[in-house]
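After this come two complexes, each holding chain A, first together with chain B and then together with chain C.
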Partner chain A sequence: MPIQVNELSKQFKMFKREAGLSGAFRSFFKRKYETFHALKEISVQIEDGEILGILGENGAGKTTLIKLLVGLLHPTSGEVNINGFTPWNRKSNFLKQISVVMGQKNQLWWDIPASESFLLNQKIYEIPQSQYKNTLDELVDLLSVRDKLNVQVRRLSLGERMKMEIIASLLHNPKIVLLDEPTIGLDVISQLKIREFVKYYNEKYKTTFLLTSHYMHDIQALCKRVFVIHKGASLYDGDFEELVNRVNPKRKLLFEFNDKPDYNKIEKLSEKYNFHINNTILQSELPDKELTKLVSELFKLGVPASITMEDLPVEDTMRSFFTDPEKFLK
Partner chain B sequence: MEDMVHRYFSLWISFFNNSLTRDLEFKANFIGGLLVDIIYYGIQFFFFSIIYSYVDAIGVFTREDVMIFLVITFLADTFYMFFFSGNLFNLNRWMVRGDLDYFLLKPMNSQFMVSFRYVKSYALVSVVILLIMLTTLVSAYSAPIGFINVIAFVFSFLMGTILWYGVDFIISSSCFWFKNFSVSGWLSHEILKFSTRPDSIYTGLLRKMLLSMIPMILIASIPTRTLLYGPDVRYLLWQFFIAIFFFLLTRIIWKKGLIRYESASS
Partner chain C sequence: MKAWIDKYFSVIRMTWIQALEYKANAIVGTFAIFSGLAIEFLIWKQVFQAQGLTEIRGFTFNGLMAYIFLCMIVGQLKSSWATSMEMIDSIRTGEMNKYLIRPISFFTYHFMMFIGHNSLFYIVYSTVLILFPILLPGWAFPTLLHVLGFIMALLISIYLSYAIYFCMVCFAFWFGEVRALVIAYNISNIVLSGQIIPLRLFPDSVRNIINLTPLQFLVDFPVSIATANLPIKFWLPKMGIALSWCIVMTLAGRVIYKSGIRVYGGYGA
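Take a look at the complex of A and B:
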């Protein structure tokens, strides 16, 4: 069990000020503080080689959890054990086993080529030359950025920069990688490339990944299991598909008849099922079981030219989930 | 221990290489930095030339002494700038923007990282020029300056640099407590000005403070006295004691600060 989190809580003391200039003056002389509970008794266990998605709306506590797991923050209470280490003790041997990629921050030197930052990381992580060369060769080829190695970071596109950030974070072959919004702001192709890369890397090296992303396609493509945080508290820990089904169990059906069906029979069916029909094309969004029943009824009405059944867009499903997560998980 | 010294020295060399590569990218910045130094030195020389056109000496410092004192002051300033100022001056910004996160995630001493990561490489040119000036002035000095004086001066100068690092580091680290203390760099800069005047002008309580709590006299005046008038063991021991004290204080404050660190939201 590489990561064990027990009842982890983090509180911040926040300065509270009244609005307006008079409020600013009053608070200059007399400050009011309030305690913000960023995380409330979070417990989670993560297995070796797992890719865990951490979900939650903005300000839910995802990044705070990641920062506690890598030892950037000290908790108010609770414990974290990562391969026998307590992260906030920041032991070198622990820091050599982990890595973090933050989509909105850079570890690379801005004005010089990424290759120079890689060499610096080689020194910092004490990576033997042959291992460094092999790892770098593999990563630049996988992410197709060999021709960009000697270009100043500031001249790279956002996608290329993110790929370089990922390379910098994997040069030392960490056992645990925390990806905080790694695809934020990237175009669809770059998002896909990074997803494919993470999947490949995880399968090949059995590296544990913790991923936060607002792009549900990232989560869907990479994470079997998700951990949902809502207002700092743990809300769901389990299968992602199961969560999606729980939020929206419906699937979409497109049934195209060869010839126009009998409209009397169709009208009868519409009393039992919810669908739209336009000439020969019938569309419906229903839970799986009902949809199967509807399809068998439709077969009785005529031969289909084509049938398509698909899941509803996961982004839409999860958007509605985050409007009121507690409602769906009661 | 030897391995650790070798590792950190080699890391510093890498920081220097990256900083130099970066600084050479921007020719105007590189040359501009040198120009700023030259203008600053020129103004200081001019200021003291005016004073010495009215008086023969300030305390024990004659005009000749003050010229050497000024070069030592500039050398201390430039030496400090070369190693530390590109880092500590930015600590508050790194903290507020969350850039500090990546520094803290590296498997190395985080205080070393935030103190040495950016080297102001152009300052090396100034250091060389100032060393040449100092050697010339010392060779032409009216009294002989012995080898012991030079050795003791090097020691005293290094202690002064450690002291200045300690004071600047403590002021900069206060951002852990104040959340945003962007004036820290300027506050340090103003405090440093106490060290750019010969110590003879400070008397009474102010002198006591500048020898202990805000030990600015120990940065350039004591090294100058050591070089020109010979080592005073009491001053050197005091300098050593205060330097060690301030350095240990930086370790404690850094560790306490890290516990309070809240990072920045993503």
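Take a look at the complex of A and C:
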């Protein structure tokens, strides 16, 4: 068990003030402090080589959890054990086993080429020259950025910069990688490339990945299991497909008849099933079992010219989930 | 040990590469000090001429100019206030995360960045210091021993100055913004360490107070050695006290950092 989290809580003391100059003036002399519970008794176990998706709306506590797991923050209470290390002790041997990529923060030096930052990381992580060269060659080719290695970081596109950040974070072959919004702001092609890369890297090196993302396609493509945090508390820990089915068990059907079907029979079917029909094309969104029954009934009415059954877009499903997550998981 | 040296030398190397990206800034920064020297030269020349003085508290005009020139160089070489500002910002904005997730020391990493940034000054000023006894014989560095003593005292000054700044930087863990504190210290340190006016020209009561602090070791001590204003028999005892201040400030910085990091918020994603 590489990562074990037991009843982890984190509170922040925050001061609040009213808007405007008078509010600022009052708060200069007297500040109102409030305790914000960022995480409430979170427990989770993560296996070697797993890709776990951490989901939650903005401010749910995802990034706080990641910061605690890499030792950036000290918890208010609870324990974390990662391969025998407590993260916030920040032992050198622990830091050499992990890596973090934060989509909105960079570790590369802005004014000089990424290749220089890679050399610095080689020395910081004490990576032998041959290992460094082989790893860099592999990563650069996989992410197709060889021709950008000697370009100043500030001149790179967002997608190229993210790829360089990922390379910098993997040079020391970490056992655990935490990706916090790695595809934020990227175009569809770059998102796909990064997803494919993470999948390949995980399969090849059995590296454990923890991924937070607001793009459900990232989660769908990479994570079999997800951990949902809502208002700092653990809400769901399990299979992603199962969660999607619980939120929206419906599938979409497009059934096209060869000829116009018998209107009376269609009318009768509409009393049992919910669908729309436009000339020869019938459309319906129903749970899987009902949909199968409807299809078999439709076959009795005539031979179809075409038939399509598909899942509803996962982005839409999860959007409705996050409007009121507790409702779906009761 | 080799890995440790490699690791932190790489940081210095990176700052060199970065400095060379912006050559105009590097050149202007290096020679900016000479404008300050010109102003000091004109002011003191007026003072000596108007009053008809041949010396002030044992300083001849040439001796005073040598002292002030060396003070400016030492002041520049030991000044890590720009690095301190960067460190405060990195704590406040969460940029510090990138140091904490890697097996490096925040203290040493930034010390090396400070050394790296100042390297260009070291090269230029070393050349100036080598030329000093040749171009202005008798003004400073009467013997080789004085050169060695000066280098030792300068190294202590550089480290001690950084360690003091580091203690102040760490208060950013609690207060977020402490640049005012660093600026206030910086102004008082420029005056009270003897960087603008030699400590010998201060009233005795003020000098007695300064002698109880580490400030005297930042500028006045190395320059007094270089200009032979401090007898050799005082060098070692003074260096002992200066090294003790280095240990005290390092330990204080470590204690403040360790408790500060517990309340660090790592904001900004």
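In this text, the second predicted complex is superposed on the first by the 328 of 330 C-alpha atoms of A that agree within 3 Å, B and C clash if a C-alpha of one lies under 4 Å from a C-alpha of the other, contacts with A are read in each partner's own complex, and residues count from 1 in each chain.
The definition used in the following text is that a residue touches a chain if its C-beta (ideal position, glycine included) is under 8 Å from a C-beta of that chain, and two chains touch if they have at least 3 such contacts.
Small disclaimer: the values here were computed from a predicted structure and weren't measured.
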item: Superposition on chain A - do chain B and chain C clash or fit; value: clash
item: First (chain B), second (chain C), both or neither touched by A:Lys105; value: both
item: Touching partner for A:Ile266 - first (chain B), second (chain C), both, neither; value: neither
item: Partner chain in contact with A:Val151 - chain B first, chain C second, else both or neither; value: neither
item: Contacts of A:Ser92 with chain B and chain C, given as first, second, both or neither; value: both
item: Which superposed partner A:Leu235 touches (first chain B, second chain C, both, neither); value: neither
item: First, second, both or neither for A:Val295, with chain B first and chain C second; value: neither
item: Touching both chain B and chain C, residues of chain A; value: 12, 63, 67, 70-74, 90, 92, 95-96, 98-100, 102-107, 109, 111-112, 116-117, 119-120, 123-126, 152, 180-181
item: Residues of chain A defined as touching chain B within the complex; value: 12, 59, 63, 67, 70-74, 90, 92-93, 95-96, 98-100, 102-107, 109, 111-112, 116-117, 119-120, 123-126, 152, 180-181
item: Chain A contact footprint on chain B (complex, rising order); value: 7, 10-11, 14-15, 17-18, 21-22, 25-26, 98-99, 101-102, 104-108, 110, 258-259, 261-263, 265-266
item: Residue ranges of chain C in contact with chain A within the complex; value: 3, 6-7, 9-11, 14, 17-18, 21-22, 94-95, 97-98, 100-104, 261-266, 268-269
item: Chain C partner contacts - residues on chain A that touch it in the complex; value: 12, 63, 67, 70-74, 90, 92, 95-96, 98-100, 102-107, 109, 111-112, 116-117, 119-121, 123-126, 152, 180-181
